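In what comes next, chain A is part of two complexes: it sits with chain B in the first one and with chain C in the second one.
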Partner chain A sequence: MTAIESSITPLQSMENDAPIRKPQIGLLLIPSGMLIGLLLVCALVVLRMSVGERDAEWTGWSLKAYVQLASARNIGIIIDTIWMALLSALITTLVAFPIALFLTRTTSTLARRVVLIAILLPMIISLLVQSFGWMAILGPNGLLNQAISAATGIERPLSLLFNRTGVLLGLVQTSIPLAVLPAAAALRSIPISLEEAANVLGANRIRTYRHIILPLAWPGMAAGAILVFGFNTGAFAVPLLLGGLKVTTIAVVIRDQMGSLSNWPLGAALSVLLILLALAVQSLNRLIVRTNAEIKE
Partner chain B sequence: MEQNPVLEIRNLSRTFAHGAVRAVDQIDLDVQPGEIVSILGPSGCGKTTTMRIIAGLDLPTAGEVRILGKNVAGKPPHQRNVGLVFQSLAIFPHMSVKQNVAFGLRMQGLARNLIEAKVAKALELVQLSPEKFAGRRPSELSGGQLQRVALARTLVTEPALVLFDEPMAALDRRLRDYMAVELRSIQKQLGLAAVYVTHDQETASMMSDRVIIMNAGKILQAGTPEEIYETPNSKFVSDFLGDTNTLRIERVLEQKDGKSLVQTNAGVTIRVANSGDIGEGAFVIFRPEQTIVYPADPGGAFEGEVVSSQFRSGLHRWQIVLRGGNKLIAQSTENRLASSAGDTVWVTIDPGKARIVRQ
Partner chain C sequence: MSMPTATGRFGIEWQLVKGITCMLLALMLAPICMVLVISFTSGETLQFPPPALSLRWYQEVWTMLVGPDAGIGRLRESLLVSLEIAALTSLVCVLAGVPTSYALVRYRFAGKTVIEELIGLPVVFPAVVLGIALLVLVSASDLNFGIFQIVAAHSIIGLPFLMRNCMAAMRGIDPMLEEAAMTLGASAPKVFREIVLPLASGGIGSGAILVFILSFNEFTLSYFLYSVDVFPLSIWLFQQANTSFSPAVFAVSSLIVVVNVAAVLVVDAVIGSRGSAA
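Let's look at the complex of A and B:
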């Protein structure tokens, strides 16, 4: 099981004690079920629209939107989006590992709390606000450039805004909690005695990480990476603000098509693509869960 | 003992919480080649801390650890040539039995075929057939089998000293006794030097050449299991090793030739097998099997009343309250009394066995 799933263990003992009346736990899902049902209807509407005619989305049938979707420009944007989501997932996972390790290893409750709050901030603060923050830092006259030019005398030494670097920085920063939390849960479930046993058996620190910690923590890290990837394939606010017009993602194109350009079928077709991506990612996650369960059980 | 000790611990201390907790308090300990020494003490007395310091997983606040004559201060665990079998066993869950056992050898950088051979031999030593178990996952093993894997994984690296931190605490009594006998024979066969930590006195007695009794970070007594059982130097040690009867001493009447005659608070004077300056608040201690109960007064005996009696594992036991209010336990292989609760009995104590100890 992934670290996330294993933290939610079912009350198995209840299952065997048959005679007690089983509580109707299914009722608990009704409120959320209604919302998800609504979402499903929306997804179907999107699917329907994607095979509709422009300006006659409900009556006409056409695959034009999918032909448009396959245009060179759109394919470029799709690849770009997936590539940046992939890269951000990789970088975020690498950045998250030491943080997760710190969270699980520190003996100071205060330090753990402070770091945890700092980690969770991106989830609390609006993505829009965070993106504007990055603009203030990365912009041509931003904090970073001013600091560097003050130190080196070079005018506007770095170009970090309105390009991939800026978008990537934003994507990594805003998705750190998604990677840290599963990794920390996975690390917490590794008893310290395993590390010590490896150590006594002759493994130095690096080899202990390689042979013990990483193999046991990777399902949690992978779960985090997949979350980040899934989250960032749909990224909107960050690429919109930090990418300017140069770096566009699927979500930004959807907004343009459904908004100003009122090409609803193309917007819907791109949405269908995003939904398929999300489902693919989810099944990848299941696969990891399964292989990991085989290791542990 | 001409050879150097494998392990020498001198004046070792470890405090926690800025000195508030003295987990290990100035202990000394030697382990000779081929010898297995048990550290026996209640939970929390500092056993694990001592082991961790020897293995290099923890650092002492004072004192010295020497392994094969060399001070190991500052050496990390992977350079100490010490094996440690953990209380939790710490089997690597993502590795097969074979990979677990091979781990230490891989870290030593041995050739693959050499590792194969050594792993197979180690598995055979702990009576796990390599054909059957090498490929198994830890999750497919029973508690006793995991135990064996942990043992094989440690022994295969041929450490100079093996440390056992209550590795059998989780097993049931019978399996534990069985494993103890087996471990003892493996230890003899390989001539291992080992420290075995436990809070279970039976395992300690079965396992070891010498036992060290520890409490609150301090060593109370050291000796062979028999010595300590027969001649405990304190009420605590005696209690820890088995049921102990205790009578408070009112007055020492006589001390001669290493023996004493004391007046107890049960109103009877008894002869005991040792003497010494015992000061205030000392006790006479003796074990249930060192008493004889009589249905009629044989003279010079304690009079008391039977509170209850049991028969268990071939032994008869009686809980008796003496006239002075002292409670004691008597035990015999034969049913000397057809007595039931409420009967009056007389108890004598084997003068060659009863001892006086300090508070």
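Let's look at the complex of A and C:
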């Protein structure tokens, strides 16, 4: 702690005022440090268990869990999870673009607030509540199926819930704000004069989108897509509630291995994999944000 | 604004953007709206559109909450537990996050960037892993933490959200004010209490409400850490989804939606009135 305190240098205007007593910075950091410390302990716990023996997770040492991780079945689930997260990131980014355009271009403060709240609600409101709503719309006797069977006469024509379509829908819906906000920030930074200049020089709107708006907005959209991808690789509640028992993600397998199958090392090894994925995504996001900032300077 | 149509702010392109946005938002909000509408049904089933509108399921929920049999359905108990957890989580996040926010906003010190990165870690950390690891720790310790195991888990994921709001508010405070108070002889704790806290109260308050909502709706961590005695509302709903499915569950859900929307509007008003955030 002394190392931290000795190098304290107050900011800006305080810099020249020697007599001001510096508060104990270490003390200010302790309470939140305890919470973050608990998180780090959790990460260490799964790391330790992942190299433990089955039924002797704390005393034995073994790399068997990582060998099991490489089995065809587990690799399949890992690829499946990453594929669904990628797909959801792609769809979410596409869906987010017009919403972000609207947010940056509307002149009405009220409209902007309403849209912001509307995209935040699906992320905030308990997924259980929303899954009830999806069941009423997409379920076997739901609104959509009723409408289709009334129109075509086919009994229960579509099954959209409790399979991958339902899960994908849920993943997109709950992660929309993660994609909209960075895209809107990027779009806002494009000066309107660029679009006017393109128009003066004879470009139509489609060319303006292709050569001006999309290239300038893409770092923001990519940052959003990466956030959504990272968020959805760890998806647990959505596949559990909207996937029935048919859709398995890494997180659901972790639950099964740690619970009913009681293969703790394998569950822990999958957890380590999820943590690494999250950290990789985080770094990639930082990289894009930083490169973008450098280009702008 | 000499060439309005040239920039896509008016005309067909603008109508298209507006139309697509409205359509997408309607789709996003469709499940929530369905729940709201069906909760007013007069029938016994979840059919849509409802045969007629009535408040009978809200009456049912009312008896589930305060009637003589309230103990059996456990709805009241779960609601109270969830409120308690959410309130305690907000409190813990404020107590832990406000001092650290101040240190990060006002001072430069060794390891600051590392600490900033660590504070953001709970946002990306997979919730399932956190829940499982805490469960392992709790069962290894052989102690009964009651509701505090869920409070601790929620506090970890709530901390970055509180601190983001709190730090934004603190950045808006002119350091000269604190300097002036110190020159006039106020001690550091007094400056913090009488200058920093009142000026940052909007950000702290909106952050605390945000954490409250987050905790109240949270499912994954609660799923791993609930017990027979500590049975949060999200777990109650999960159990209903797997067993009986009456419109009463939809009425409970609608009440949750209303509370959430109200809380979001309050946060929006506080952040909006601060001006710069938008």
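We adopt the following convention: the second predicted complex is superposed on the first by the 261 of 297 C-alpha atoms of A that agree within 3 Å, B and C clash if a C-alpha of one lies under 4 Å from a C-alpha of the other, contacts with A are read in each partner's own complex, and residues count from 1 in each chain.
As a convention for this text, a residue touches a chain if its C-beta (ideal position, glycine included) is under 8 Å from a C-beta of that chain, and two chains touch if they have at least 3 such contacts.
Here the structure is a predicted model, which is why all the values come from computation and not from measurement.
S.K.: Per the contact definition in the header, classify A:223: touching chain B only (first), chain C only (second), both, or neither.
M.R.: A:223 sits against neither chain B nor chain C.
S.K.: With the two structures laid over each other on chain A, which partner does A:51 touch: chain B (first), chain C (second), both, or neither?
M.R.: Neither partner.
S.K.: Just to be sure I read the superposition right, which of the two partners does A:202 touch: chain B = first, chain C = second, or both, or neither?
M.R.: In the superposition, A:202 contacts chain B only.
S.K.: Taking the superposition as given, does A:215 touch the first partner, chain B, the second, chain C, both, or neither?
M.R.: first
S.K.: Name the contact category of A:98: first (chain B only), second (chain C only), both, or neither.
M.R.: second
S.K.: Where does A:191 make contact in the superposed view: on chain B (first), on chain C (second), on both, or on neither?
M.R.: Touch status of A:191: first partner only.
S.K.: Tell me which partner touches more residues of chain A in the superposed arrangement, chain B or chain C.
M.R.: C
S.K.: Counting contacts the way the document defines them, which residues of chain A are shared by the two interfaces, the one with chain B and the one with chain C?
M.R.: Residues 196, 199-200 of chain A touch both chain B and chain C.
S.K.: Provide the residue numbers of chain A that touch chain B in the complex, in ascending order.
M.R.: 191, 193-194, 196-204, 207, 211-212, 215-216, 295-297
S.K.: For a test of understanding, state which residues of chain B touch chain A in their complex under the given definition.
M.R.: Per the touch definition, chain B meets chain A at residues 55-57, 76-78, 80, 82-84, 86, 88, 90, 92-94, 103-104, 107-108, 137, 139, 153-154, 157.
S.K.: Which of the residues in chain A come into contact with chain C in the complex?
M.R.: Of all residues in chain A, those touching chain C are 3-5, 7-14, 17, 20-23, 25, 27-29, 31-36, 38-43, 45-46, 49, 95, 98-99, 101-102, 105, 107, 109, 112-113, 115-122, 124-137, 141-143, 146, 173, 176, 192, 195-196, 199-200, 205, 208, 230, 233-234, 236-237, 241, 251, 254-255, 258, 264, 267, 271, 274-275, 278-279, 281-282.
S.K.: Under the touch definition given earlier, write down the residues of chain C that touch chain A in their complex.
M.R.: 2-3, 6-9, 13-14, 17-18, 20-21, 24-25, 28-35, 38, 46-48, 92, 95-97, 99-100, 102-103, 106-111, 115, 118-122, 124-130, 132-137, 152, 155-156, 159, 163, 175-176, 179, 182, 188, 192, 213-214, 216-217, 219-220, 223-224, 234, 237-238, 241, 249-250, 253, 256-257, 260-261, 264-265, 268, 272, 278
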